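Before anything else, here is the set of structures, which you'll find just below.
One chain, chain A, links the two complexes that follow: it is found with chain B in the first and with chain C in the second.
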Partner chain A sequence: MVEKSYVVANPTGIHARPAKKIVEAAKLCEGTVHIEKGGRKVSAKSLVNVLSIGAKQNDTVTVSADGEKAEAAVDAIGAVLASAEAE
Partner chain B sequence: MMATEMKGIAASEGYAIGRAVILREETIPQGVTYVEAGEEQAELSRFDAAVAAASGELQELFEKMKADGRENEAEIFEAHLMLLEDEELIGAAQERIRSQRYKAEAAMNESGEEVAVMLAALDDEYLRERAADVRDVSRRVIRKLGNGSESEAVQTSAAGSTEKSILFAVDLTPSDTAQLDPSVIGGFVTAAGGRTSHSAIIARSVGIPAIVGVGDAALQIEDGQLVIVDGTAGIVLVEPEAEELARYQSLQQHAVNQRAELDQFRGKPSVSADGHQVELVANIGSVQDARQAQERGAEGVGLFRTEFLYMGRPDLPTEDEQFTAYKEAAEAFGQDAPIVIRTMDIGGDKELPSLQLEKEDNPFLGYRAIRICLDRPDLFKTQLRAVLRASAFGNLKIMFPMIATLGEWRAAKALLEQAKEELKNENIAFNEQIEAGIMIEIPAAAQMADRFAREVDFFSIGTNDLVQYTMAADRMNPKLGYLSDPLHPPVLRLIHQVIRAAHQENKWVGMCGEMAGTPIALPILLGMGLDEFSMSASAVLPARAFLSRLDRSKLAALAEAVLDMDDAEAVRTYVELQVPELKA
Partner chain C sequence: MKWFGKKTNNAVSVAAPISGKVVPLSEVPDEAFAQGLMGDGVAIEPSDGLVIAPFDGTVSHLIDTHHALIIEHSSGLQLLIHVGINTVALNGDGFKAHVKTGNSFKAGQTLLECDLDKIRSAGYPVVTPIIVANEDGAEKVESTYKTVKAGDPDTITVVMKT
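What follows is the complex of A and B.
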């Protein structure tokens, strides 16, 4: 299993565009991909779930994945989290 | 009946006068219904077929909006498509059918509500408003299950009437709003919602006034009542007094006249009252911006901020991706329109995850733009090749940012020549005569403009950085606002010097900072002889209208005079006195 933590850089938190990109990145991995904040751990392959953790700027979130291409998916999600892209 | 007034959040500005139409929510049968044991599989197939039908409909809407250049709306439908694949929404509904024998409608309704309620409870305005998207998607699926026809209330409500309708609703679904026809609907008022709700965003992009978050008062209205929507103040007037009505009619007329006046300048050359022609072009960051700028009357692009192609993604854009973006931007304007592509300006306030740049104490004075590109020729060459390839499809020009020394310019130019050689060897078409120029934003380059002018094809003055470097004042620091003013004579002297140096060598000079679109600066720059003004697209038509009233022959003296003043305040006062057309 691959597990890494990131700090959310986007000033508006994980909103529409970043959330969409996280789901796309999670789908790179065949296995399970989770995103966790403050004890709430959800599947990163669901847009609704990713939105529901309500991550804001400077929150720390943990991304974990299992299975083929787990590492690639985690890194790709990490890149979205670390990017300060405006909406 | 006495006139009443409602207050809400001004979500989209402008004025509308019309008859109220109440948009009632479709009623969805509440409560759970079940199918017989053994019918789960058939029910599941019925559900999947409805999801597929809804998905096809959304795909169609997405493509239609995209083709119409309505990117905001397209994005909403794209998100809805994603919701239709969501395990938490669709997966949960399927599970209800499979293991609890729910009827498909009930399964969708309950799953949708569960998710919507969860989002609505979050401590974040934006996410709360996404609950509306989830409900909208569930409703679409439920409609498909009932093989019912799409409710077109939004379109048909004002049929047969010449008066426009003002929609009143609890909330408009994103689908409702995206299909609003501005020729029928004058504006809308909702009980719920905030400035960032989809309905508000779309109202702004379609250009109809809207007021949201009015509360229950919005639903006290009766069909057919005369209402005024003042989207600028956030006020709704119901059955207004005659005087109020007359006041708003004249405000509305004034806005219409203004728009009509500006419309006359669309597609026209940019000429002063005494016949001096300049170019009014736009600053853009994407192909979508290019299309919008063209519609808004720009003659071309004076600054394509290509770094936006690099940002917000884990990897770097490929040569082909960049080529497509540059080519499409050029095609938005046509063969001859000038399109100035600025090579990427990463660093400073713009970070890039894929480059792993180190944090700097002083990023604006640090490792950025051409400084990175010359250090990473692999990265730079990819972009240069992409621009060159696109130059076969339009009048592209290439511009290097943050040039301080002649050495940097020559190194960048040498890499451009290398890229040309490569393409030639690979038999790929490009414009061999492509113009190459530099941005003047560092005082060092402004001071050496006479030397640069012998070698470059053009200059474009980037005033935002030129001001901050000349005045040694961080433009992000609000306490230093009095220093961050391009009208300070030291800045004006540099600009004047750069324009003169370029013209001495018969080269053209543009400006792509905010200053170029500022009315008070226009007479000064015109007087100095600036050739090209690049600004945000919305400033182009007003600038062209203003220009048509200016007599350039009288402005050379003004441009000389301001160089000798004490400070920006003195310049501002002087220009306001000398140029009465500023007030018109």
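What follows is the complex of A and C.
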């Protein structure tokens, strides 16, 4: 399993668009991909779930994945979380 | 059931959640929505800021800045209704939510009240994408590009993947 933590850089948090990018990144991995904040751990492949953790700027989020391309998926999600691009 | 005409069992009929003109997503001035990267759907150029429930369902997630929410139909269909473009930046100003995450609602019930003039004067487009948010997307989304009133039945038909 690959597991890494990131600090959310986006000033507007993980709203609809970054959340969708996370879902797309999670789909790089065929196995399970989870995103966790404050003890709430959900599948990163569902837009509703990703939005439901309510990640805001400076929150620490842990991403984990299992299976082929797990590392690629985690890194791609991490890139979205660490992007400060306000959109 | 033949009397539903050509509709298949996995088609979900969605009423207009907001009054205005139905337009293709490609007309939304935002690449992610326009190119379908956010998912299949349509958009409505609203003439009024009242967002109502287009079917009986539940609120899967209300974004805390109240400019968007995901609602779920009993079929499992999840729709993202996103009022305006880049409106997250308004941080809730101009938006009033009448529901919370987890609430059940009836078709026609008010979900959000949006001050379109305020959004426009802050410099944001008010066009409202309505997007299938399910993990697997939808088989297809059909709509007629015309002027609708909130609550008009069969404004959008979503055929779910089986």
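One rule holds for everything that comes next: the second predicted complex is superposed on the first by the 87 of 87 C-alpha atoms of A that agree within 3 Å, B and C clash if a C-alpha of one lies under 4 Å from a C-alpha of the other, contacts with A are read in each partner's own complex, and residues count from 1 in each chain.
The rule we apply is simple: a contact is a pair of C-beta atoms (placed from the backbone, for glycine too) under 8 Å apart; a residue touches a chain by one contact, two chains touch by 3 or more.
This one's a predicted model, so the numbers in the text were calculated from it and none came from an experiment.
Superposition of the two structures on chain A shows chain C clashing with chain B. By the touch criterion stated above, A:A76 is placed in contact with chain B alone, chain C being left untouched. Between chain B and chain C, B contacts the larger number of chain A residues.
Legend: residue contacts after superposition of the two complexes on their common chain; A:E68 is shown touching neither chain B nor chain C. Judged by the touch definition given at the top, the superposed model places A:L47 against both chain B and chain C. Touch criterion not met for A:E30: it reaches neither chain B nor chain C. Of the two partner chains placed around the shared chain by superposition, chain B and chain C are both touched by A:H15. Residues 12, 15-17, 20, 23, 43, 45-48, 51-52, 54 of chain A touch chain B in one complex and chain C in the other.
Chain A contributes residues 12, 15-17, 20, 23-24, 43, 45-48, 51-52, 54, 86-87 to its touches with chain C in the complex.
Residues 75, 78-79, 82-83, 86-89, 91, 115, 118-119, 122-124, 126-127, 130, 134, 311-314, 351, 353-354 of chain B are the ones touching chain A in the complex. Contacts from chain C toward chain A in the complex involve residues 32, 37-39, 60-61, 63-65, 68, 70, 72, 78, 80, 82, 86, 88-89, 91, 101, 133, 135. If you check the complex, the residues on chain A that touch chain B are 12-13, 15-17, 20-21, 23, 25, 43, 45-49, 51-52, 54, 56, 75-76, 79-80, 82-85.
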